[in-house]
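Here come two complexes built around subunit A, the first alongside subunit B, the second alongside subunit C.
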Partner chain A sequence: MSEFEPRIVAFLCHWCTYTGADLAGTTRQQYPPSIRVIHLMCSGAVDSIYVLKALIDGADGVLIGGCHPGDCHYQTGNYKARRRLAILKGILNQMGFTEDRVLLKWISASEGKLFADTVTKMTNDLKKMGPNPMKQLWNA
Partner chain B sequence: MAQGKMRGDKSSALVIGAGIAGMQSALLLAEMGRKVFLLEQGPAIGGYFPLLDKTFPTNSCGVCFMSPTPPAFCPIYECHLHDNIELLPYSEVKKVEGTGGDFRVSIVRKPRFVDPKRCTLCEACIKVCPVEVEREFGGGLEKRKAIYLPYPQAIPHSLVIDPRTCTRCGECVKACAPGAIDLDMKEEEEEIGAGAILLGFGFEPFLAQKKGEYGFGRYENVLTSVQFERLISTSSPTQGFPVRVSDGKKMEKIAFIQCVGSRDPSCGQDHCSTICCMYATKQAMIAKERASGLNVTFFYMDIRPMGKDYERYYERAKSEYGIEYIRSAISSVKELQQTKNLFITYLKEDGIFEEREFDSVILSVGFTPPQNIKDIAGGMGLLLNQQGFCQTDEFHPAQTSVEGIFVGGAFRGPRDIPETVVEGSSAAAAAASFLAPNASSPSRKEYPMEGALGEEIPKIGVFICHCGEELKKSLSLFDLILGTKLLREVVHIEEVGLACLPEDLDLIKKRIGEHGLNRIVIAGCSHREIRKPMEEMAKGMGFNPYLIEYANIREQCAFVHRDLPELATEKAMVLIRMAVERARRIQPIRKGSQKVEKRGLVVGGGVAGMTASLRLAEQGYEVCLIEKERELGGNLRDSFYTLRGSNPQSLLQDLIQKVKNHPSIRPYFETEIIGFEKRNGHYKTKILRPDGEESLEHGALILATGGREVVPKEYLYGKDPRVITQRQLEKMIHLKDEGLKEVRSAVMIQCVGSRDEEHPYCSRICCGHAVKNALKLKEQNHSAQVYVLYRDVRTYGFYETYYHEARGKGIVFIRYDLEKKPEVALENGRLSVSVFDPAMGSRVSLPADRLILSAGVEPNDNRDLAKIFDVDLNPDGFFMEANPKSAPLDSVDRGKFFCGLCHSPNFIEDSISQGNASAARAGALLSKEAVEEKAYLANVIKRLCCGCGLCVTVCPYGARALNEEEVKAEVMESLCQGCGNCVVACRNGASQQRNFDKALNLAVLDAAID
Partner chain C sequence: MAKQTVLKVSEGRPEKAIQGFLKSLLEKEVVEAILVPKGLPSGDGFAQTLIHDPEKMDGMCALSLTMPVQSAKVASHLSIKNLNKKVAAVLKACEIRGIVELAKFLQVKLDNLLLIGVDCPGTFEVSDYSKMVQEGKEGEKLAGEILTGMERGETVAPQGYTFRPACRMCEYPIPKADIHIKLFGYKAEEEVGLEIEEKLGKELEEKGLLSFSGNEPSSRNEVVGKVVAERTKKRDAVFQEFRGIVKDLQSFLDRFSTCIRCHNCMVACPICYCKECVFKTAVFEHEGDQFLRWADRKGGIRMPTDTLIFHLIRMSHMVTSCIGCGLCDSACPSRLPVATLFRSVGEKIQKMFNYVPGRDVNEVPPVATFKEDELKIESGSI
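On to the complex of A and B.
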């Protein structure tokens, strides 16, 4: 069996992180093809249900990308995302998911390298963690 | 040389210099409906802004808030997107003919040698280019080729060839697959017609080589602050981690030397560069965050953080970050041969020499005028000041010496970003007034009616763009097409070469007709790149542009997984599947609009309020000016002369006359604000006049409620008549008070009611006022000895020259610390001030016939007003802006602005700029017949709404309200910015967002997971 390739679902905000991900491309930063980007207007628009569904459906990790504190284009969306995730992590633990499968990261439009590094590191971490156990349930 | 036809006319504006000020002017005038040409001499627009990663005092970026229509991308990109702005990069002005109102400007467009339309940024040419030189961006720390991208996000987003270093070997031409390079490209001449010209030439950093004693250019580890800014930027090669230039080792102990090329007549720079204290402090803080354990020492003369909230920032740098500030003069900087460390000898305030070793030294270089400015100014007939910056009248800060030519930003002298943004806006206001009435706005493009798409079953056309063969290098298009065929509701798939070019756009257009497509998916580059041409094409044929979906298989796939073609293709397939899934579910969006109430309400009739009213009225809007007193003027009534020598009383009379005579301004005296309501698209304010209540409807609100001098509580003020404030002294000097003639010794104490516990901010203007009054006092009474007891002398910018003059005239400046405040004693009926003089190391006692307290500035009590208008106050009681850096006068809510002393302590000149600027921001809003709503609006499914009101709490824009009768939430469409935060807040799924509704996002998520 070939090496386990994690699948990450990423919710990126329109203004900062999505643009940062584009910059990673323009500057040819290489990172593993593990990530599937869903484009939203704001990290504050990431519903907990999206994160839960992604994990239940078998995604190995979920990345939420938003503007740095103070830079949210909608004033406070990133703070809302941060609080929401803090609560969600408790629920994830209760449900038996490792909370480390979900990562919230502030990446600005000028941080292409940081985006690439984040995906690389997250992919490696998930490799160590192993596949999302839910996947086996679906395949059973 | 090719000669083009003249473009632009008397109603358009030409902005020269696309830095922060220029971009701000351009964006505002464009929003006001003007055709704007934005000319830049460099190959990319943006000025110094792209170099900055984090800015003070927030240590965030925040520059995206600069656009008059938030939320927005960074201004560089917004200028590129704006329909009314035409960029003229890599161009120079050759000749200006005509006069104000009707200029004809000949410009030369320098050859890029690369066609931006065809360049796909594949960078094949960069690999083969044999010439390597220093990259200008970031002060030459990095290298670039002769063909290069100025910096990664550069707009225009295309490579350029530097003709000075290119050897014309032709390798790049051979390597370029799309054939975008033409080494025989010639410069083109063009003529631009414009009614007004706005200058944003900006500044250049002082050449550190000129201060050879600091070793820049000789010692490897001596850097300029420009280089250090680049080094600590997250986009630098070390990702912002500060390393030594000589050996790449981690920096551990660094020094900043302040005032390099500032306050230094020996190198022709007698002015203070205003912002170096702050930018260096910021750099030190960021560097310390990036490299823990870094030791930072500052060598400085005076620390000058005199902007809004800057004092707190400086205090934080000392207390939280442990940055050490040493008041000193540098004696020498020497390099140690083996370690390449630097050995600094410095003279402390108490006259003692000390030495220290550092591993790197950063020189905080000052501002100089642009190099070739004399020629350019000469060509336009523009007057420059002594320092070589643009000469302006104190009370007409946006007006140059030539009618019809306006100026803003650092070309007027060193200033920070907030001031630059204010002045860029101010120049736009002045230009708009000059150009008014808005004769012909650029003809709005007429588009055909849209077909009734959206209701029928989706018929999706997928176009996969290989970007001039580029994507084929890492993706198998064959597999993608095969896979796409299996997706539901896809009826047409086609490979295209460059979807952004007219040929392919025409092809897509043809296919839409042929196959009756009602949804389009473009798989190729990021939507940021291709959206504009695609939407233009769609609108042109009556196809709703919101039915186009984009799969980003270039920036977010092919470019970043170059060596993994199989996995990259698999990922691209998923991305296309997700986009198709989205396309199946999206609905056409027809943006609604709200009628604009073309009236402004200005609260406060001081200099800022009157200026704002006049600029708004001159743009053609009605203005209601509310004043609580019986007459106009505010603080200006008690101001009699300025440091620069202008007469505020004539300004006062002039403003009052103009306000009273302007037919569109309705002043209300002795009037209070008692109520305020937000309606969809406009505001309704209730006022109480002496003769009754009235309701005013208006589209914009400008608060200019002013401030006042702090009433001192110490130094015997109010107890001894000889203890007065600077304003009282100013009046006495103006009235030629007899008592002043007897004065043999006057003592001034600075920072009374500033920089202390009760007022923990710097009042900015008191040092200037003290110097002004000291000079005047000396002028009237030569024999008087004047002492100024100060903590830091903050005569920033060109005010520094007056400080210099004051010292030359024998005015004595003695420094004191907050811990060792001066003490005032009354002995035998005589006042005396005792203060510890650090230079002498002992206390001195000064006789004081008059003791003048430089009392700070505080805002009027705005707590009630803030509550009524639903705006925030900062802890010091000043109004709080949406972003201190790039939206300094805007409230978070659309259509509310601040200016003058209620915003921050200001000189008259600054208040005028702010008044102008707030009128420009308001004018940009009022200029439209109707405010177009955002595309991705939130909406409420009433059936599901339980009226809990969570969405109302969550909305950052106040765009949600609870309908008390129905107990249902409502959306005010004109205020909704489409962030989607309310969608998440709703527990019933009643709150949804157009084309981002939960069901749609979940379906896309399904498609994302294999």
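On to the complex of A and C.
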């Protein structure tokens, strides 16, 4: 059997992380092709519903990329994203789903290398974790 | 300082004394109208009623033993658009806590609302109450027995019945209101307590409605403490039992396998105020191909779909403000423990932000604010 290749859905903010991902490309940084990027204007636009839907519908991990604290183009969107994710993770933990499959990361437009490293590390971590059990729940 | 007094009860009928007091609020034009539960003509239930004519105050039941709707919702409808005159609302503690939460989300305007809270012994399911009355337990007698028990902090349901599960584990029986009708610790055949916010108290005194004297009975604190302790104990036991059953997502889905996706819990919930809920939008109208892909990947899928995401996302949207009124439970046709789920998860999430829903209208709900210096993602705290 071939090795398990995790699939990551990434929600990236337009001003920082998406541009950072762009920089990773233009500077020829190498990282695994495990990521499917969804381009948003702000990490504050990521509702928990998108994260959970991705996990239930087949993603092995979800990456949310936003600007560093204080750098949000809309002032406070990243702080709100952080609270929202903390609530979702708290709920999942309470429901007994303790696997850490959602990563929030601050990556600026100049951090192409950090973006590539983040995706590489996340892919390796997910490989160790194995496929996401949530996507196989027949009655979800 | 809030002002204290008592309403003298005659003929052993406290409900009459409360009616008289409410009537005087209308007669002396303290308020234009009063929202108060009214006994149904059939005698086997209650409905919230907006009363303008003081003469119609007879038959009102400040201590209604059911909660067919959450009056926080009613207060929202009443106050959100152009309420230009003062209206009083007679409410249970959880309804006031719901109003406080909705006010934070700008869904209730408190300017012209005068909140009258009543000590709450708990409520019965609407269907249970109706059955009790049909079995010959007269409503007023039933209320009388419960009131008598409240003096000692012992509220006992009639043989064969229980209070609603959410009420049995509600640790907030005492409302915070402009006018607080106090029953715990009072000998209801003789008097009920009244605590009125200072400025309003002065107004009522000037209008000759009542005079202030005396203190609450010395036993009241102890009685209330006993009730709260009992319910907290019950709550913790229920949480523990529930956490034993719902250990992971699969066991949750097993427990909730009879959920028919009717969304009644959402409709009944006072906190779910969105005009257009995402679960009613095209986001959850999947194409035929999509169902087939799911079925292909998993071998087969349960229809209708989206149970897990519905409950978890509804939770992530409103659980920080869940006041535990339990109307979701009462609304569930499959009798699922929705309130227990939301309360047991909510307890932990609310603690994360040191937030108690309904505590103070000046607090900001966790989903509407943030702190710069919290939840450090670098250290892996989320």
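Assume the second predicted complex is superposed on the first by the 128 of 140 C-alpha atoms of A that agree within 3 Å, B and C clash if a C-alpha of one lies under 4 Å from a C-alpha of the other, contacts with A are read in each partner's own complex, and residues count from 1 in each chain.
Criterion: a residue touches a chain if its C-beta (ideal position, glycine included) is under 8 Å from a C-beta of that chain, and two chains touch if they have at least 3 such contacts.
What you see is a predicted model, and the numbers here were worked out from it, not measured in a lab.
Undergrad: Applying the touch criterion given at the start, work out whether A:Met134 contacts subunit B, subunit C, both or neither, answering first, second, both or neither.
TA: It touches subunit C, and subunit B stays clear.
Undergrad: Would you sort A:Gly96 into first (subunit B), second (subunit C), both or neither based on which partner it touches?
TA: Second partner only, subunit C.
Undergrad: Per the contact definition in the header, classify A:Gly58: touching subunit B only (first), subunit C only (second), both, or neither.
TA: both
Undergrad: Is A:Thr76 touching the first partner subunit B, the second partner subunit C, both, or neither of them?
TA: Both: A:Thr76 reaches subunit B and subunit C.
Undergrad: In the overlay, work out which of subunit B or subunit C sits against more residues of subunit A.
TA: B
Undergrad: A:Phe4 contacts which: subunit B (first), subunit C (second), both, neither?
TA: It touches nothing on subunit B or subunit C.
Undergrad: Applying the document's definition of touch, where does A:Ile49 land relative to subunit B and subunit C: first, second, both, or neither?
TA: A:Ile49 sits against subunit B and subunit C alike.
Undergrad: Considering only the touch criterion stated at the top, classify A:Thr19 as touching first (subunit B), second (subunit C), both, or neither.
TA: The answer is first: A:Thr19 touches subunit B but not subunit C.
Undergrad: So, does A:Arg84 touch the first partner subunit B, the second partner subunit C, both, or neither?
TA: After superposing on A, A:Arg84 lies in contact with both subunit B and subunit C.
Undergrad: Across the two complexes, what residues of subunit A are contacted by subunit B and by subunit C?
TA: In subunit A, positions 48-49, 53, 57-58, 69-70, 76, 80, 84 sit in both the subunit B and subunit C interfaces.
Undergrad: Show which residues of subunit C lie in contact with subunit A when the two form their complex.
TA: Where subunit C meets subunit A, its residues are 246-253, 257, 278, 283, 294, 297-302, 305-309, 312-313, 315-317, 319-320, 344-345, 348-349, 352, 366-367, 369-372, 374-375, 377, 382.
Undergrad: Which residues of subunit B touch subunit A in the complex?
TA: Spelled out, the residues of subunit B in touch with subunit A are 53, 58-62, 64-65, 70-74, 121, 123, 152-153, 157, 233-235, 239, 526, 528, 552, 554-557, 559-564, 567-568, 570-571, 574-575, 578, 882, 892, 936, 954, 956-957, 977-981, 983-984, 993, 996, 998, 1001-1002, 1004-1006, 1008-1010.
Undergrad: With touch defined as at the start, can you tell me which subunit A residues reach subunit B in the complex?
TA: The touching residues are 5, 7, 9, 15, 19, 21-33, 35-38, 40-42, 44-50, 53-54, 57-59, 68-71, 73-77, 80, 84, 108-114, 116-117.
Undergrad: Once bound in the complex, which stretches of subunit A touch subunit C?
TA: Residue positions touching the partner: 48-49, 52-53, 56-58, 69-70, 76, 79-80, 82-92, 94-97, 104-106, 133-140.
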